[in-house]
Structure formats: C-alpha cells, structure tokens
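Below, subunit A partners subunit B and then partners subunit C, in two separate complexes.
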Partner chain A sequence: MDREILRHLEMLNQLQLTEEQKEAALAFFAAREQDNALLDTIDTENVERMVHVMPIMTVVREDVVKQTFTREALQQDAPETDEGYWCVPRVVE
Partner chain B sequence: MKIVLDDLLLTKDMPTTAGSRMLAGYRSLFDAEVIARLQAAGHTVAGKAAVGEFGFDLLGETSADGALIANGALQNAAAKSVKARKADAAICMDVNGYPRRAAAQSGLISLKPTYGTVSRFGTIPVACSGETVSILAASVADCREVLRAVVGHDDKDGTSLPASDCDRVLQGADTVRKVAVLDVFGGDLSKAEQILTENGVDVCHVDGKIFAAARAAWNILMSAELCNNVSRYDGVKYGYRAQNFTGIDELYTNSRTEAFGDLLKTVILFGSETLSTDNYMKVYDKALRVRRVIKEAFEALFAEYDAVLLPAVSAMTYAPDTVDPFVENGYTAPASITGLPAVVAGGVQVIGNAFSENVLLHIAQLLS
Partner chain C sequence: MQYETVIGLEVHVELATNSKIFCSCSAHSFGAEPNAHVCPACCGMPGMLPVVNKRVVDYGMKAGLMLNCDINRVTTFDKKSYYYPDLPAAYQTTQWFAPVAVNGLVEIETSKGKKQVRIKQIHMEEDAGKLVHDIREDTTHVDYNRTSVPLIEIVSQPDLSSAEEVEAYLERLKTLLRYAKVAECEMAHGTMRCDVNLSVRPAGSDVLGVRTEMKNMNSVEAIKRAIEYETARHIDAIENHTEVLVQETRRWDDIKGKSYAMRTKETAGDYRYFPDPNVMPVVIDDEWFDRIKASLPEFPEVKRARYMDEYGLTAYDAEQLTKSIALCECFEAAYSVCKNAKDAANWSISEVMSILNVRKMTYDQLNINGHALGELILLVSEGKVGRANGKKILAAMFEDTALQPLSFAEANHMIMSNDTGLIESVAKAVVEADPKAVSDYKSGKEKALMALFGKCMKELKGNCDPQTLREILVNIVNAQ
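Let's look at the complex of A and B:
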C-alpha cells in the first residue's frame, strides 16, 4: 500500500482523506497486511469458497405486490426534491 | 418485557441513524421484522440505544453522538440500559461482536443465534454474510423469552432459513457432556472450567490454532461487504448532503467525506482494496476459502464436543483509544465468520453447533 494507491481508492469510493486520516489509513493497511500473512499459512488449494454460511434455499418468490409506498413517502428523507423528482446538480453540459 | 433496540434496526416512529452523521434524523417507512414479532409476543419497545458508526467498533465509541465513557472506560449504550434496568433486554446487531463484548464487560448475557434463524429484514446492512440480530439480557430466562419471540422464518429475508430449521433453535436438546477449551486464545477461563466440571461436564483443552485465522478472514469479508453496503449513501436519495459542491462528483465526495467518520472511511478503503483486481483472488477469495476451513474445523470439534469455550474480551474494561477493534474481534470473529451461535455469560464466550441454542443457554445458566 502506498499513497498513490490510497489516492486511487479515495477516488473510487468518493472520499477525501485529510493528511492525518491518510497516515492512520496507511497504518491500518499495514496492520491488516500482517494479519493477511496468517491466511497464507493455511492451505486452501482444494477448498471451495464459502460465500453463504448456511444453505440459501431460494430468493425467488411469487410476483405479487405486497407493501407499497407513495412517492411522497419515499421522498420524505430526500435532501432536495422538486415536484416528485430528486434534485441533483446538472450532469449534462 | 421492555426492549431497547440498537440504532441499526429500522423504526417507523423513531429516527434510525446507524450511529452515523450520514443518517442523522433518518426516518424509515417501516419497522424491522423483529419489532413486529416482539410486539406480537406482548413486549414493548422502550427506546433506542446508540451504536458505533455502522456497528463494527468496540462498544459504540465511533457513534456520531460521541463515545460513552464512565470512570475512564468505554461503555455501551444498550448494555447500560439493561444493566440499569431501564429495559429488560436489548436487541442488537452483532456485526463485529460488540454485543458480546458489552455483555462480558457488564455481567450480562448475550446470545448470537444461528445465522438465518432471526430475520434481518429492516436492519441496516453492514456485513450481510455474518451479521446476526442478537439479544442482550440480564438473565438467561429473559434471553430465552426474547429468543422465543423473535426466532422464525421470514419470507422477506432472503437469507432466512426454513421454519423447520428455525424450530430446531427452540426445540433442540440441552444436554452438555463435553466442552472444549480453545487454548489458542489464552485468557483465564479457570472459573468457568471449574463450574462446568462441578456440574459434571467433561472439560478438555484443544489447541484450536486454526481459529486464530478467523479474525484476519472476517476483517476482510466484513470490510468488503461494508464497502459495498455503504456505497448507497451518496447524498442524493436520502441522508446527509454537503452544502457546498459544484457538480455531481463533488456532491457525492463532499457528502460522504463530511458525513462518514474516520474509522469508517479507512475500512471502506480497505474493503475496496480487497475487492480490487490485484487483490480479489489473493485476499478476498482466500478469506472465503479460509471461512470454509474454519467452519469444517468447528464441525470436526462438534463431532466430539457439545460446545467450545473461549474468552469474549482481552480485558474487562477498555480505556478510550487503546484497543484496536480489528484485533480485539479475534475472540468474536470465529462465530461471526461461520454463522454459528454463541453465548456470553459469566464474562466468557461459548460457541455451539448450528441450532444448539438450548445447549448454549444451559451452559450460560451454569456460568451465570
């Protein structure tokens, strides 16, 4: 991990760190890299990934409308709306 | 019973913030499923307790409202409410073990049920593959009563297990014959061992070295999932929006930068790095494979033992800024990464096989 990669990660995640936060982040990454070395000592050559800890049966269900909300309700927490639309700065020049 | 909810559970009638400035004042349109189940069983919601930002710190110290500190030690809000009898029990999201640490340090009982047996519908997602709705209570009887109310299949939760599996949580045997102590975690467990032995339980020591790897693997998976889950907070649809921006990119960046706390930002970046092209196979994919190795190691132990005993914390108090939550979670990560149930009682932690909650509560009764 170096500052250039950190800057790239900041850009990807829409974040800007202060100099102090960058130092803390670099120390955090260094500690985690040491931890990760422990994983390399475990042989996983013929081991399958485990994405779900319990068997997932199915997420498919009948296409039936259940709980619904009005547009007004859905926008109650929006920072800025106008006539039912969410407002953002102009994105097309 | 009066139940306090941690602030990772959505509530229609009260704000839900996840401890983050990003969601200050946020009002959900619906309640978490567990609230409906508690109310159906005759329990009432006593209020909400502050959590650390998105619930992955030690005890809640990264909350946007600030840390709770008493006598120089970090405190947890939900545990404080139960300890002071302002509530009979608390429902908490066990993302990274905070309810178990709080229980150990406060002399309370914490039960993290088997993953998938309590609905996560209406909880703020952080690390979906391992986080569990859990219970914090003053007694085993209270813990059992709350468990009875909330456990069960929920169609609205895609990871909810079938009713037949959920029923096993309440109907399983509570026989305890052999318990293994995991030596790799150290700690003084002699009092707990003595109590178990006096009650006819055969206590054996095993090395358990493999379980020490759970921390590194869970830190990777948790951070990667957190990174994805908080990507939805962009200052547009809901949540905090920065006042100053000149375009859409600045709106996103300034909103997230101003609203998220220091630790959260670091963990987002770490999670993002584990998912990068360069690291995906050697870090994230490796952690998923290590998860299976650890789960299978537990299964091998449970072929011989009814439960395993290990510490829940490294110390009975934490001074602020002295303990790294990504190291301290070494004790809680084995149950988090495998979805296995765990109970904390008498200041120590016991992990059981899937659906063995009755065994764990029986042990908790002995230890408390």
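Let's look at the complex of A and C:
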C-alpha cells in the first residue's frame, strides 16, 4: 500500500480523505500486509479450497411473485422523487 | 501486412423467470410504472438479505449444459463494487470465484465451415436499474424495476475472428437457449445484450494486440458494423499511427457508424470482488443436477435427423422447422392430429411462415395452437375446406388462439359443397352471362376457361372441389 494506491481507492470509493485519515489508512493497511505475510508462511498445498467460512449452504425460494412493498412506502424518506422516479444529481453531460 | 481480428464476446441474457433473482418482486416490468416492482432488497436498503430464486439456478445450470459446460456443484455469489445510481447497493451481486458453469464449447457454422468456440464461463447475476436523463435538465431519474432481474453472462474465449462468426455464434446461442426455454433472447427487447472485446494482430502472431470493449449495440447488424469499424480503426492505428490504441471501453453509435471512448477500462481489481457474506454457497446435489439434466430438450441437430428419419422429411424441410423450437412444437402438434408429416411440414413452413412475415413476427413469437393446425390440415386434405379458405382460417387462428377450425369454417360458410346440382346451376349462369369467353375457349384460348372457372369459384365462395367444378364447367361450355 502506498499513497498512489490509496488515491486510486479514494477515487473508486468516491471518498475524499483528510491527511489525518490517509495516515491512519496507510498504517492500517501496513498492519494488514504484515498479517498477510504471516499467512503466506503457512503451507496450504494440500488444503481444499474453502468457498465459505461457515459449513452451511443457502436456502432457495420458489419462483413466485409477491408484492411486498409499495413504491410510496419505499420512497417516503427519499430526498427527491418525481413521477415515481428517485431523483439524483445528473450523471451525464 | 495481413491482420487477423481476435474477438471474445460477453453476452448478457435475461432469464425468463417470474420473479427477480434475490427477492419476490416481478421480473417483468415492460410497460409498468417506474419503481412499481421494487422492494427494500432490490433497492439496496441496508440490512436486507437476498434469498436465491431456485429457478435462476435451474436455468443457469440448464444454459450451462446446453453449451456443453461443466457445472460447479458448489457455486457462490460475490460482490462487484462500483458506484453509479443504477446500482442502489453500490455493488452488483454476481459470480466471480465459482460461477455456475465453466469450460463449455459451442459449434458454429459459417461460409468457411464449422468451428468450435470455447466458453470460459457462465455466471448468474442481477441486472442494474434504468436511468432516464431527458425528463429534467438538472436531474437523472432512476427506475429500479429492472434492478435484480436475473441475468446470465456467457463469456467466450477469444476464439472468434470475423463479424460472420460472431453472427453465427449469437444465432447458435439464441437457438440453444430458446430450445431450453430459459430465455427469450431478443436483442430488440434488451433480453439479450452483447459486449464485444476486440483486438487486432498480424496474421499468424500469437501475441494479442491492445483490446477494446464495445458496448451499446442493439442488433446483430449493429454488432457486425461495429466489428468492421473497430477492426479498421485498429489496423489504421497500427499501420499509420493515427492514434495510440489503449485498453478502454467504447460506446458504439450506430447512427454515426462510429465508436467513441467511454472510459479507460477498469481492471478486475478495481471492482474489488469478494465473496458475498449474505448469500451462502448454492450446493447442487445429485438429485437437483439429474433433474435438470433430464429436462434438457432434444438438440436441434438430433431433432433434424429424427424428422428426416422418422417422418421422411427432406433435409430442407427439417432444417427450416428446427430453426425454432416454437415452430417444431407447432409442427409436432399438427402432425399428432393430421398424421401427415409432409402436409404438416408444408403448412408450418410455407403458410405459417408467410403469415409470420406479414405480421412481422419472429418464429419464436408463434402463438397458434398446433393441434388446431392439424385439424385444419385434415379439413383441407379431406376436401371439406378449400385451400384458399384454409389460409384464411389459419390467419384467423393468429388472432384467436382458441379458434376451432371446423366451427369457424361452418360459421363463415367455408365448408365445401358436394351439391353438384348447385355447382351446375352456378356454372350454367356464369357461362350464359359470358358468351365471348365460351367462343374464345372454343377457338383455343385456354385462359378463357380459367376466367369462367374463377367467376364460378367466386360465386361459390371457394367452397367447392376444384376438380369437380372444372369437369362440370367443361361439359357445360362444350355443350354450348
């Protein structure tokens, strides 16, 4: 992790970090890199790949349509709506 | 220098389920009010948990088997992060580490012969919402009806090398997925979408050139034009240094016939894929896998061979029928009633297709009842209804799928008359009203008889055996 990667992550996450937050983030990632280096020392040659940390599988549901919410209920806290749409700042020129 | 184009496709196909992939909202929002089919889950509200739609996994597996893939019996969902208002949770739930199907193979045929295209993977994922930019100048309007509608993305290896091959590949995908009834695959409706990854390299080289990804092609024709344009642009850049090629996503403008840079291509790392902790792995046990495998349809080639072998159809007829599963089903249902494969094939290919063309419908929009078609074929072949009226009845069957051909023919006075007395009286009247036609015929003009024949048929509303009418008519004319 370096300042260049951190700047890229800021861009991807739509964040603007203060100098203090950047220092904290760099220290945090440096510590995680040390943890990862420790993991790299473990021999995993014959260990089966784990797809999930819990030994459980998902439940599935039948393909049946149910209307559980109304649009009005979902949009009641929206800052702005118009003709049934949510409104956001314009994203294209 | 000779160049070769290297093309890989990412094809998104909307699965034909009733409900969305992770919630119970309707997956069909065509014509619906904006945000009429939404809930906290598909709107990305915090704390909501997704529950996998079983039929999505059924269809993902089925698509994989149709495309000769291996099925991952433990398949998992992952989060793909990016920020855009069409994605309310700021991540798309998709499959990255263990997609439902991998390592497939699809055979295509072009003017250069047969070719095998490798499928890297098929993964299940949720669609994004729709953004509307033209309601107000300062605002983007967001409709989440389409959010979480189930998709599969079919990722090919870069095995294609021309627009013709791409067209053949897309047609093959459409046919196979429609046979399996997992998707509509209609590009005009947005239920099949295609991104083209393309690069150019000197012929014979094994080093790939700079790759660009093109989006926004809404038809196979637009895809072909985009491939031809982009290939020429790459070659021009390589040979004449007109621009520096960079790995990027480009938008195809079909009206201007040009592609435009949209954004520098993100790398997979930029999406920060990680296992979705809210969806546990989907484990496909033997019972589930076997049930899906047993539900696969007869493949087009197998069906074609069977039609020739079992029904004695020509290669041409078998080829025409097996282009569409809907047409096959219509033919088979008609045959089960009329028991005459040649007639059932002729009506399905000639008459049904000509009405589809007039109505600008595709084969797969065919909605007539095949059993009723079989009854109609019987009425015509047994001489109860004339062929011309038979065609009219068929056209009416497109309007009313419950139409019973016999009842319709009776109600509309289309049943052929065996009443030779009636035919004779009509023929006599027609002949007496046109002495010139009689003399013309007698002086050797065969067409004059046909004119009289046509008038008689018109008077009888087509409801008479043509051979009987002709015999009666000739006798009356000769007796004049």
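Everything below uses one rule, namely that the second predicted complex is superposed on the first by the 83 of 93 C-alpha atoms of A that agree within 3 Å, B and C clash if a C-alpha of one lies under 4 Å from a C-alpha of the other, contacts with A are read in each partner's own complex, and residues count from 1 in each chain.
Assume a contact is a pair of C-beta atoms (placed from the backbone, for glycine too) under 8 Å apart; a residue touches a chain by one contact, two chains touch by 3 or more.
If you're wondering where the values come from, they're calculated on a predicted model, not measured in any experiment.
Q: Touch check for A:Thr68: first (subunit B), second (subunit C), both, or neither?
A: The answer is second: A:Thr68 touches subunit C but not subunit B.
Q: Where does A:Gln21 make contact in the superposed view: on subunit B (first), on subunit C (second), on both, or on neither?
A: First partner only, subunit B.
Q: Which partner does A:Glu48 contact after superposing on A: first (subunit B), second (subunit C), both, neither?
A: So A:Glu48 only meets subunit B here.
Q: Have a look at where A:Val92 lands relative to subunit B and subunit C in the superposition and call it first, second, both or neither.
A: In the superposed model, A:Val92 contacts subunit C only, not subunit B.
Q: If you stack the two complexes on chain A, which partner ends up touching A:Asp35: first (subunit B), second (subunit C), both, or neither?
A: It touches subunit B, and subunit C stays clear.
Q: When both complexes are superposed, which of subunit B and subunit C contacts more residues belonging to subunit A?
A: B
Q: On subunit A, what residues does subunit B touch that subunit C touches as well?
A: 12-14, 51-52, 54, 56-57, 59, 61, 67, 69, 74, 80, 86, 88-91
Q: Would you pull the subunit A residues touching subunit B in the complex into a rising list?
A: Where subunit A meets subunit B, its residues are 1, 5-6, 9-10, 12-17, 21, 24-25, 28-29, 31-32, 35-36, 38-42, 44, 47-54, 56-57, 59, 61, 67, 69, 73-74, 76-80, 86, 88-91.
Q: Any idea which subunit C residues touch subunit A in the complex?
A: Residues of subunit C touching subunit A: 17-19, 23-27, 33-40, 43, 45, 51-57, 74, 76, 81-85, 97-98, 131-133, 135-144, 270, 272, 275, 279-283.
Q: Applying the document's contact rule, which stretches of subunit B touch subunit A when the two form their complex?
A: 26-27, 29-30, 114-116, 129-130, 155, 158-159, 161-162, 210, 212-213, 215-217, 219-220, 227, 231, 234-241, 245-254, 256-257, 260, 262, 265-270, 272-273, 283, 285-293, 295, 324, 326-327, 337-339, 354
Q: What does subunit A use to touch subunit C in their complex?
A: Touch residues, subunit A against subunit C: 12-14, 51-52, 54, 56-69, 71, 74-75, 80, 82-92.
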